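Chain lettering (A, B, C and D) follows the sequence in which the chains are written, and residue indices restart at 1 in each chain.
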Amino acid sequence: MALEVLLWCVAVLLGTGVAAVPAATHRLATSLVYGLAIGVSAIALATAGVVLLAGGPVASTLKLPIGLPWLGAHFRIDTLAAFFLVVVNLGSVTASLFGLGYGRHEETPARVLPFYPAFLAAMNLVVLADDAFTFLFTWELMSLSSWALVMAQHRRPGNAEAGYIYLLMASLGTLALLFAFGLLAGASGGYAFDAIRATAFSGHVSAIVLALALIGAGSKAGLVPLHVWLPLAHPAAPSHVSALMSGVMTKVAVYGFVRIVFDLLGPPSWWWGALVPLLGGVTAVMGVLYALMQHDLKRLLAYHTVENIGIIFIGLGLALAFEANQMPAAAALALTAALFHVFNHSVFKSLLFFGAGAVLTATGERDMERLGGLIHRMPLTAFVFLVGSAAISALPPFNGFVSEWLTFQAILLSPALPQWSLKFLVPAIGALLALSAALAAACFVKAFGVTFLGRPRTPAAQEAKETDRWSLAAMFVLAALCLLAGILPGHFIDALAPVAQALTGENVPRQEQLSWLMIVPIAESRSSYNGLLLFAFIALAAWSATGVIHRWASAATRRSPPWDCGYPDASPLTQYTAGSFTQPIRRVFGSVVFRAREELRMPPPGDTQAATLRVRMRDLPWDVLYAPIAGLVGFAADQLNKVQSLTVRAYLTLVFGALVILLMVLGIWQ
Amino acid sequence: MAIVLDAVVQLGQLLVVLLLAPLLTGYVRMVKARLLRRQGPPLVQPYRDLLRLLRKEVVLAHSASWLFRVAPYLIFATTWVAAALVPTFAAGLVFSYAADMIAIVALLGSARFMLALAGLDVGTSFGGIGSSREMMIASLAEPAMLMVVFTLSLLAGSTQLSSIAVFMQGPVGLRVSLALALVGLVMVAIAENARIPIDNPATHLELTMVHEAMILEYSGRHLALIEAASYLKLLLYLSVIACVFVPWGIAVSGQGFAAYLIGLTLYLVKLSGGGLLLAVFETAIAKMRVFRVPDFLGAALMLGLLATLLLFVSRVA
Amino acid sequence: MDRLALDVAHLFAGGLVLVSFMLLYQDRIFGLLNIFALHALVVSVSVAWQAYIQQAPHLYITATIALVVKAFVIPVALHRIIVRLGIHREIDPVVGIGQTMLAGIGLVALSIMVMLPIAAEAGTLVREDLAFALSVVLLGLLMMISRHNAVSQVIGFMSIENGLILAATGAKGMPLVVEISVAFSILVALIVIGVFLFRIRERFDTVDVSTLDQYRGGRP
Amino acid sequence: MSEPGSLVVGAILAVPAASAALLALLPDDRTSARLNISATFLTLVAALALFVERPSPGPYLIVDDLNIAFVVLNTFVGFTTSVFSGSYIAHELETGRLTPTYLRFYHAMYQTLMFAMNLALLSNNVGLMWVAVELATLTTVLMVGIYRTHAALEAAWKYFLLGSVGIALALFGTILVYLAARSVVGEGLDAMAWNVLVERAAAFDPALLNLSFVFLLLGYGTKVGLAPLHAWLPDAHAEGPTPISAVLSGLLLNVALFAVLRFKAVMSANSGALAPGPLMVSLGLLSVVFASFMLYRRHDIKRMFAYSSIEHMGIITFAFGMGGPLANFAGLLHMTLHSLTKSAIFFCVGHIAQVKGTQQMADIRGLTVSHPVLGWSLVLGVVAIVGLPPMGIFMSEFLIVTSTFAREPVLAVVLGLSLLVALGALLLRLNGLAFGEPLGSQQPATASFVPVFAHLGLVFAAGIWLPPALVTWFQHVASRLS
């Protein structure tokens, strides 16, 4: 029943997309498309939510006579799928709500409206797919529709290039998955997931599939070093689509990884638990360092997606390590942490991208160095962006903290692992996780501080207006969710229990009946956290402090110019910029990771020339991995291109050569 | 009935930390002054400062936003809650299960987050320089702190400070990793509380300061709250060190009134000892350049990691 | 079929290979034309002999066409064109004649090598005739790629065709042989090559193919 | 041979042949374009009638599972191309690139080509098939050279020389097949009838079959455009009129490949013969790798898509070489879809080149802005040709890559990476062509988009749903091929 409803939702979305092709330029098209998307996604959200909360182990399946003819298109909804559908459709509802307001400013609706519903539909379909063909078909459809959305503003410099790199990397990922499914399905073509589940795979087949799944899903999710497209493509799309791509589509990629590795592939080997978290840890730290060096607000957010994907993969990898060593309870904890972070990240990342979109609409600027002081002009946006910033920086009492805390708890269980390499590696990964969380806080102090605080740096920032009420509504819903998931995490963990149960055979102890809404992942003597109580405590403390001060302290307030070493009326340009804010961190980390070099040119005394400071940074994954490959392809193309302008005689020689070689082969063969 | 007692004790602890925090700061200042052969301010000077600040009017910059006015309350509240969660004289109180050590670190992170933002709010270069450096320091201090937490929790099988304290009261013996963890924790504590050699709480020379630069624009009741928060933070770290490494005497829930009294007395002794050591250390050492700080904290981080790894080795042996 | 008849057919086929080598050896255009006429003549005689021993009168048509068109008409026509265009130059080989001959011998050896595994019941005639026909085809190709000017290439191509006719007529009872040979000879050799030589002359003032390459499309 | 069936087959061949003669005589260009369209339409109708009435095989002609869909595809694309050609050629006449005389010649040749291709597909006799392919080659040679520019003549000359050598090799192979069959089947027509060959192939001399297949593969492979025999193909596509490029890529290459398939079936029926697979796999893979790199340095839009045709022919050859029910199925599907897609792309390219007045890609930009329908059709076409869903080629490439990876991972990786390289090149160009600030003429395209939409619509539909009848047919043929 639920499956039918969901498929009908998808069908309506696809129909909307098709109908939007001729109707996109109509006055009402924007409202209609987004309105319909809200309605349909809400229905899908509710349906998936019911399935998830019902939590039964029974999965319902459905087969449609489309796709591969002898196979048909298989669809299936189980708790894992239901969870990810909740994530997808929650993102869809809020993004569409945001789109209602944002869409009014869209210059070329015809390039957005047809693809937007298709993108939503494709993400739903990926999660529902139950055979390799349908999965990859919808997976690539998802890439393609989002590519079209990235290309919506193709005239802006860099966007077309971003779209190109995006689609190329997406295809690389699909190719890897294609190989993976080729191995899983075997030469006879058992593409249905049921058939794959029923097959047992040898060790090296599983290893290759894992590697391919890491490339395939990892490139879509943004694992370093396959992340290069992400910070280019995500910001290039319209903001609500950026939110969907960063907040939701990367999660669909995570879903792909979980589905293949946890569900289809069978029991893991222990070294998977070393490889995957290591990749995750490196990704997390690299992602946040990239973000710190970034002054483009949307690109900064995109790099944070890389970071959070790293955190999610740490959790997933730990789950693999525990599962390989028959520690299902620990595996369930790690998996729950990862999945909870999936949900949390989708919420706060959408929120932040909406905020960035509101700023972009209000000022036309993405460069933080040209913003500032927006808190005065856009107080509500600033407030929700602050909530999002706190959540993504893993600060209590918001939701980001809870899932990272759970991940830490899983890491703390690592000494029980029998493998020495894991014993040593996992704490180091814990250090990486801690580092990335701390750096994320630094980064969001920068992002929020430079964008919203201080004084406006440009007239555009000076004249910004608060964004429309639809967008605000979307952001407030998400901000409320950030807090809700932060103070009542127990309910969310319980909702994830059937997912963990299905994948690891165990689940985190139920949190529902614990007193005071506390969460206790393992045992009370070990660790516990109570977001609600903390929140209440803080509120109480703040309230009592306010009360005391209002009662007894002076309430007098006077406005005056700020202190700036005695220089009056300092220009807003003397404020700390994003670049100067990160200078200490750049010196500490950037000199190693980015080979950052500063060149200071100071004119001699008496010279009136301006002094210059130039920072050079290298993008190592690009320089080491991508540039050589691109160079190699170019070189090969150049060399082979000489064949294009040979003489006819030379071409005949080629034919002759082919003939002689084949004849010789034949002669030797026989 | 026990619950009620626990709740009362918990409330008592809330008040105790709030009341003791300025005293600790005043004590450290006094000891430092005496070590420098100065008379120094009286022990209660911090209380007086706070009261005077509360009575003064607030001077706000034109460009200050609502965040600038809200931040002090949040900073104070968060720090206060964090400090109250650390077992001072009694462990295993009702609310101590609301947050473990990781959460306490993260709560302090929240306070710092707000403080750094407040530093940027007015839009002067001083606020910026302070926030920027503070976040750089924090980005290394937090992982170092977490590695220490790691070591402790691997040893004690818990991240709950109460449980750790109880565990440490037992026969733990001398361990290298514990020593490393202690050193790491002390280094983090020094950095987090803006003490010498990382920062100088007494200086107002713009280019060398971190914490003071951030709060340069604050005045009146706002400044009072922030000052109180920093007093609390110092107390918090000393309490953590005391509770983990010298846990003796901490009362456990249900041991009765006398145990609480003993615990409180011993707690005061521990604090005075810790404050003395801090003052001696600060007097004996010079402040370092800002860009030496990463090395300092990097060392702390390495010590924490080393402590974790050594733990495996010593466990086998 | 008596032994002698086979031997004679064999002799003609071998002779054709020999003439192919002579084509390779030539370094003058007019000489080349003459040798090619000889090549066509040998083919024609060989086909006629096949017609006789197979009692297949339609093969006489093929023989006649080969004789008339390739031994007389085409050489004469090419002669005229060369004179009219004023191409008196020597044949411009890509590598030395000696090396070309060596390669040719290698090709003959290759042909024999690939024919060896063919089962004997297919007939000795088949096996050896095919080896010779294949040699002629390969030598023709070698000629096409080892000469710079267009006339030699055309002649090389036609010698390939002769080899094919040798093979086709040697295959006893093959249907459509005449049609195929007619299609090949008339259509390919005469009309199209004629048309193109005419057009190329019209456009490029030379029939040297290497000149054509300067006008190649697709260059940046 | 049943009476109505042979009438139908007769119509498929006679209609183009008769209209070729008629068109050669008719002077008026307006009528001749219409006549051209109606003739191809009639042929299409006749071909569709084959589904209803199928004659039993005769010594010369045959209608069987293998060719029936190809005949229908051939006549269908022939029809749509003639519709496209109608508007295209009218424009060429206006701009004076073609004179009425040449137009007459063009239309007559078009029908001759259709006749030759239909004949090649329908012939049972391998000799007749050879003649038909040769005729098709000659016709296209003349059409490629029709503009009589330096480049066009050069392309035609190159095509002619290479094509002739290829055809000579194919003839040698055909003779060898006959020789192999003669000792088993006996002399005469039967020894060249394909249906007999397949039935009796098990008893043929394997060595002779092997040798013949080398020649046939190289001979017909030249026409397929497999590397390193491909050299004529890019220039012929680039310099000829665009309808001819569409027919070349969409149909003639298929016809040549079809010939290879016929012989592959014979080879497969003989257990002693060297498996034809490795040969086809190596040539196919070489073509894919080569063509995908060649796509990068292209400046002429038609030449680029010609290289893409080489790539796809390589994929198809590779698939058939791998064999097995999945790969064969995928190969057949890919053949069909490629021919529809590529001809649709060439239709678009033709319109683009006419609107912009150039084939140089550097001078074309921002098509989706200046000409939305044209631009998005091109986007859709390229998306389809690089194998992205929802277009049908994704399905065939999915099957080929997955089924190969399970058997020969190394080959699959090479194939997959080459596909990626090709995708990179095509999308790079597409970025420039379809997006960004528009460049060049902004005047609206007046052409009819029905053929483009029809083709892309079919390709799209195939990606979602394949009619069961078609699937059964593909599966049946696939099992016969291996």
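Please note the rule applied: contacts are C-beta pairs under 8 Å (C-beta built on N, C-alpha and C of every residue); 3 or more make two chains touch, one makes a residue touch a chain.
From a predicted model like this one, the values you see are computed outputs, not experimental measurements.
Of all the chains, the one whose CA centre sits at the greatest distance from that of subunit B is C.
Chains A-B form the pair joined by the most contacting C-beta pairs. Rounded to whole angstrom, the centroid-to-centroid distance between subunit A and subunit B, based on C-alpha atoms, equals 35 Å. Mean C-alpha positions place subunit B and subunit C at a centre distance of 99 Å. Chain centres here are Cα averages; for subunit A and subunit D they lie 44 Å apart.
Centre-to-centre separation between subunit B and subunit D, using Cα means, comes to 78 Å.
Multi-chain contact residues of subunit D (touching two or more other chains) are listed as 157, 161, 165, 169, 207, 211, 234, 297.
Residues of subunit C in contact with at least two other chains: 114, 117, 141, 144, 153, 209, 212-213, 216, 218.
Every pair of chains in contact is given here: A-B, A-C, A-D, C-D. Subunit D meets subunit C in the complex at residues 125, 127-128, 130-131, 134, 138, 141, 145, 148, 150-151, 153-157, 160-161, 164-165, 168-169, 171-172, 175-176, 178-180, 182-183, 187-189, 191-192, 205, 207-208, 211, 234-235, 238-239, 297-300, 303. Looking at the complex, you find that subunit C touches subunit A at residues 94, 107, 110-111, 113-114, 117, 138, 141-142, 144-145, 147-148, 153, 209-210, 212-213, 216, 218-219. Chain contact summary for the complex, subunit D toward subunit A: residues 157-158, 161-162, 165-166, 169, 207, 210-211, 214-215, 217-218, 222, 228-229, 231-232, 234, 274, 279, 290, 293-297, 324, 326, 368-369, 372, 383, 386, 388-390, 394-395, 398-399, 401-407, 409, 412-413, 416-417, 419-421, 423-425, 427-428, 431, 435-437, 463-466, 468, 471, 475. Taken in their complex, subunit C has these residues touching subunit D: 114-115, 117-119, 121-123, 126, 130, 133-134, 137, 141, 144, 153, 157, 160-161, 163-164, 167-168, 171-176, 179-180, 183-184, 187-188, 192, 196, 199-200, 203, 209, 212-213, 215-218, 220. Interface residues of subunit A facing subunit B in the complex, by the touch rule stated above, are 372-373, 375-376, 379, 382, 386, 389-390, 393-396, 401, 405, 408-409, 411-412, 415, 420, 423-424, 427-428, 430-431, 434-435, 437-439, 441-442, 444-446, 448-450, 453-455, 516, 518, 524-530, 533-534, 537-542, 545-546, 549, 552-554, 556-565, 570, 572, 574-576, 580-585, 587-588.
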